[in-house]
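Chain IDs A, B, C and D follow the sequence of writing; residue 1 opens each chain.
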Amino acid sequence: MHVRVFELVTFALLCLLIYLGIARAKKTKPYVRPFPALEHIDEAVGRAAEMGKSVHYCTGWGGLNDEWAPVTTAALAIMGEFAKACGKYGVPMRYSCIRSHIVPIAEDIIKFGYDTGGHPEMYTPDMVYYTSEEQRALMSAMMGYIMRERPAVNCIFGATKYETIHSVGTGAIAGSMQFAGTPRLYYLPIILCTCDYALIGEEVYAAGAVVTGEPHQLGSVRGVDFFKMIIIALIAISVILSSAGTDWFQRLIEFVAG
Amino acid sequence: MLKSRNVRRSEENMEWVLIVEAVMMLLIWSFLYRESLFYRLGEHILIGIYLGFSIYMGIDVLLKRVFVPLLSGNVTVGLALSIILGFLFYTRYVKPVSFMSRWSVAVLTGCGSAVAVSGAIKAMIVGQLPQGSWFAEGITGFNNFVMSIATVFVIVYFLFTFKPTRLLKSSAKFGRFWLMICFGVMLGTFLLSNIGYPIGMAMKLLTPPALYVTIIAILLIAADALYRRIKGT
Amino acid sequence: MAAKTELGRFPTADRVIFLVFLILISTPLVVLIGLPIPISESTRKSYELMNSLKSGDVLVMCFEMDVGAFPALGPGDMAALKHAFTMVKEKGIKVIIFGTYESGVKIYIDKILQETKEYWESLNYGVDWVNFGWIPGHETAMATFARDVHTACSVDVYGTPVDELPIMKDIKTINDVTGIWYTTYSSPDMLPRQWSPLEWPGLKWTICSTLFGTVSWLMPYVNAGSITSYVADQRGGAEYEVLIGKRGLGCKFMDAQSLGHIYGIALIIGSNVYYLYTHAKKPKRKEE
Amino acid sequence: MAVILKRGEIPIILFTVVSGIILFSYFTGLIPEVADELIGWSIILVSFSYILGLVTLLRYHLVRIRKREKYWPYSAILLAFFLMFLVSGLLGGVGGYEGIAVSKEFKDFLWLHMLAPLQTGVLSYVGFYMYTVFFRGARTRSWDIGIMLITAILLMLYTAPIGAAIWPGFVPIGAWLKDVANSGAYRGIMIGVGIGLIALWLRAVLGYEKSYLGGGR
């Protein structure tokens, strides 16, 4: 027995607050700050329809089997929104991927998007392009595709690594409208520089909820915000305690029972 | 006499290998000029070999972890369950039971998400809480103060569901200021760690056997550029 | 924007940018420019330690390397080798070369020896210096070397038994070794664990040449004294080249790095000047 | 029976049980062997799933070759190299079994002398595209991008060897930005990312977030 008390309490408190947020949201829909990246999906895909070009999407290096599963899930939720817009305007979509277990999921999401959007006949299984399990293969495939086809909209969301640069770099040269977002800090400055609409850090997770527009999803974002207030309070306590010259806070968070 | 024997032997068969390597590198670098058949060739060779490698590794893992224990009779409940879940992936190709493939995905995502959550609590949340003393000696106290302030205001920037009052707006702006400094640091250090790849490749392409291939490639590009100019495209 | 251009073609501006970049990084590789390189404290200390070797002192150079990591750490190793061989000639020190990490070590050692051929050609192999190539076993091999050199290095790279090598006659344990140059492109933990000057009174100092990423990893050992000094990455190698007065590959890389960075800054400033100049005419682009 | 099995709750229950066991083990330190077993499953499951990707990719390229679509010869090249590597790899030894030496040598040749330069080539575009970013993206469209660019320039002068030669003052400024200002903001982002991740996990457990199961439910 080796109970991590402080971590467990933090985790339980976070879960409780999110649950309360969701429960409250069922009565009154909470306000959520607008995300320009999500609001312009329709406009961008509409532009693609005018130009007669495609939409390229990628969830990057992360899969569902590793520690990046939550980000990938959020990225797939955003992809669902793009697929719906593509179905609405009749724009072909292409999804590049290096995780074979995502292939069937992505096929389902895109098919569902075209079905609900109103152009079910446009969907083909070719829209998901799997390029082996390796990152370099994905990079070269994306570079080639973006330069050959010049998609009107180029997106990369999720747990992305170096392929971010290949995607947004080629996209910037090809003149695509770019959407990107990742919680991986290292690539955020590049995304901010080259993309028209970016999601920074935690915004990707929140966007996964906001994109659905369902009240209970928004409620979870509300719960998270309350937890952040607690975090700020904890930081203040930590500052006071360490300025007073004690290490009580350090001992508190490392407290292990059993 | 003894001294250079080894060196020479490895050198002899290196010549044509170096040329093959140079050709491969230049196939990829031809993209800098235009997306052409050379780049497409490199791209598809790359994907082909990597696909072979992925499948090879998959077979390797399955042999070591699944089939060798199966054949030697060490079948545990866990192994049996994982094999069943593995085969459930393929129910996707059988329409009436295709829903079962989602079970495997659910288990897979469950593992991944749990690893993510257990890693996040300590490293990303609790571990980031302790702050340094603001009254520490010398510049350290001031630095600790700056760090705490930056952390708090960045968190404020990521508050999504509060109505934008003037106070919140200006706090968020201040948070964004710190975010941008953080991104600037990332952008500034990015070049140092990544510029090495093209420099290393340029060095290889400029050493003799590869240099000849490089010269041929440059001539080809020049000829193509000239031809296109004359043709007027 | 660029969308109207022919498919597959890069806009001319981008081509020019890439071309200038390629020229900028290739020029220093062909002709040495010799941009200034400030010398860091740790590299200077390493150089002085090496320079302090006297006649009859034994220097062990252990390369835990692979050919793939040559661009990063090769320049530093070659500079140290040149320095060591010069000291063999001028002061009469003894040099023992090997690596224990994996079989790729042997190819790497062959490569750097090939590059420094002019420095060892006139020396007496087996008397002044010796090359044991790859000694399998990694950390076990290092532990064995510390306790019993002749068991760890039983034959040299050409198959000569250790007893037939005059240089090895008086070298029984690591206490007979004065200093160690240790290059690693993975973890530096083995060095203080097995070959710490604190543990072996005969061993005066150790220098670890390592990647930038592991320097912070190494600092506690340096502060404790179980590693005496370190040389950091390509840049440390270039500094070492400046110190021995033989600017080579490391300095070429550094020149390319410097030029690349200056080019980047110039591009940022130029692009901004152009943007601000034309800014008033264009409608403001949406942010976020 | 079939109706029960088809219910959408089953995957969510599986998700909850699996992640719940691993988290329980993490917090209490109990049943670590069960948690390790579950994490070990994911490796086996992923290896099984490779076939899904392979089928998709083969279908994509075989259709192209059959219909003689644009660029179909490249599809043939891709499949040829795929088969070459796979066959030589399998003949050269797999899963701890020894194979034919020549075949292994051919595999190593493909890996070391064809793939390695190709992949370094692709990776080197990280360097090239940085200049695209500087040229096309790094424009002071607003005050915040301006701050980012000034910081970036200061940091570049700190990291490049020439910076300290121009003015030694770049070193302390760069070090302060990197170690103090950067790490404060970094902590804030990390906390946010961690919380967001747990929130998403909880939404999945409660059954609101089902993107990982595909659409069309």
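As a working rule, a contact is a pair of C-beta atoms (placed from the backbone, for glycine too) under 8 Å apart; a residue touches a chain by one contact, two chains touch by 3 or more.
Quick caveat: nothing in here was measured; it's all calculated off a predicted structure.
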Of the pairs A-D and B-C, which shows more C-beta pairs in contact?
A-D
Going by CA means, which chain is nearest the middle of everything shown?
B
Starting from the Cα centroid of subunit D, hunt down the chain whose centroid lies farthest away.
C
Roughly how far is subunit A from subunit D, centre to centre by C-alpha average, rounded to an integer in Å?
14
Could you tell me the distance, in whole angstrom, between the mean C-alpha positions of subunit B and subunit C?
25
How far is the middle of subunit B from the middle of subunit D, if each middle is the mean of its Cα atoms, in Å?
6
Report the inter-chain centroid distance for subunit A and subunit C in whole angstrom, where each centroid is the mean of the CA atoms.
41
Residues touching two or more other chains, restricted to subunit A: which are they?
4, 7, 11, 63-66, 69-70, 73, 101, 104-105, 131-133, 136, 140, 143, 147-148, 173, 185, 189-190, 192-193, 200-202, 206, 221, 224, 228, 231
Which subunit B residues sit where two or more other chains touch them?
28, 31-32, 35, 40, 42-43, 46-47, 50-51, 53-54, 57, 89, 92, 104-105, 108-109, 111-113, 115-117, 121, 125, 148, 151-152, 155, 158, 179, 182-184, 186-187, 190-192, 195-196, 198-200
Which residues of subunit D are in contact with two or more other chains?
26, 42-43, 45-46, 49-54, 57, 118-119, 122-123, 125-128, 130, 132, 136, 138, 145, 148-149, 152-153, 156, 159-160, 186, 189, 191-193, 195, 197-198, 201, 204, 212-214
Touching subunit B in the complex, subunit D uses residues 5-6, 10-12, 14-23, 26, 37-55, 57, 71, 74-75, 77-86, 89-90, 94-97, 110-111, 113-128, 130, 144-145, 147-156, 158-160, 174, 176-195, 197-198, 201, 204, 212-214
Within their complex, subunit D touches subunit A through residues 26-30, 42-43, 45-46, 49-54, 56-57, 59-60, 63, 118-119, 122-123, 125-126, 128-130, 132-133, 136-138, 145, 148, 152, 186, 189, 191-193, 195-204, 206, 208-209, 211-216
Residues of subunit A touching subunit D in the complex:
1-4, 7-8, 11, 14-15, 18-19, 22, 63-66, 69-74, 76-77, 79-80, 83, 97, 99-101, 103-113, 115, 125-126, 128-133, 136, 139-140, 143, 162, 165-166, 168-170, 172-173, 183, 185, 189-190, 192-194, 200-202, 204-206, 208-209, 214, 216-217, 220-221, 223-224, 227-228, 231, 258
So, in the complex, the side of subunit C touching subunit D is made of residues 13-14, 17-18, 21, 35-38, 235, 238, 254, 257-258, 260-265, 267-269, 271-272, 275-276, 284-285, 287
In the complex with subunit D, residue positions of subunit B that touch it:
17, 20-22, 24-25, 27-29, 31-32, 40-68, 78, 81-83, 85-87, 89-90, 92-93, 99-100, 102-118, 120-121, 123-125, 128, 143, 146-155, 157-158, 175-192, 194-201
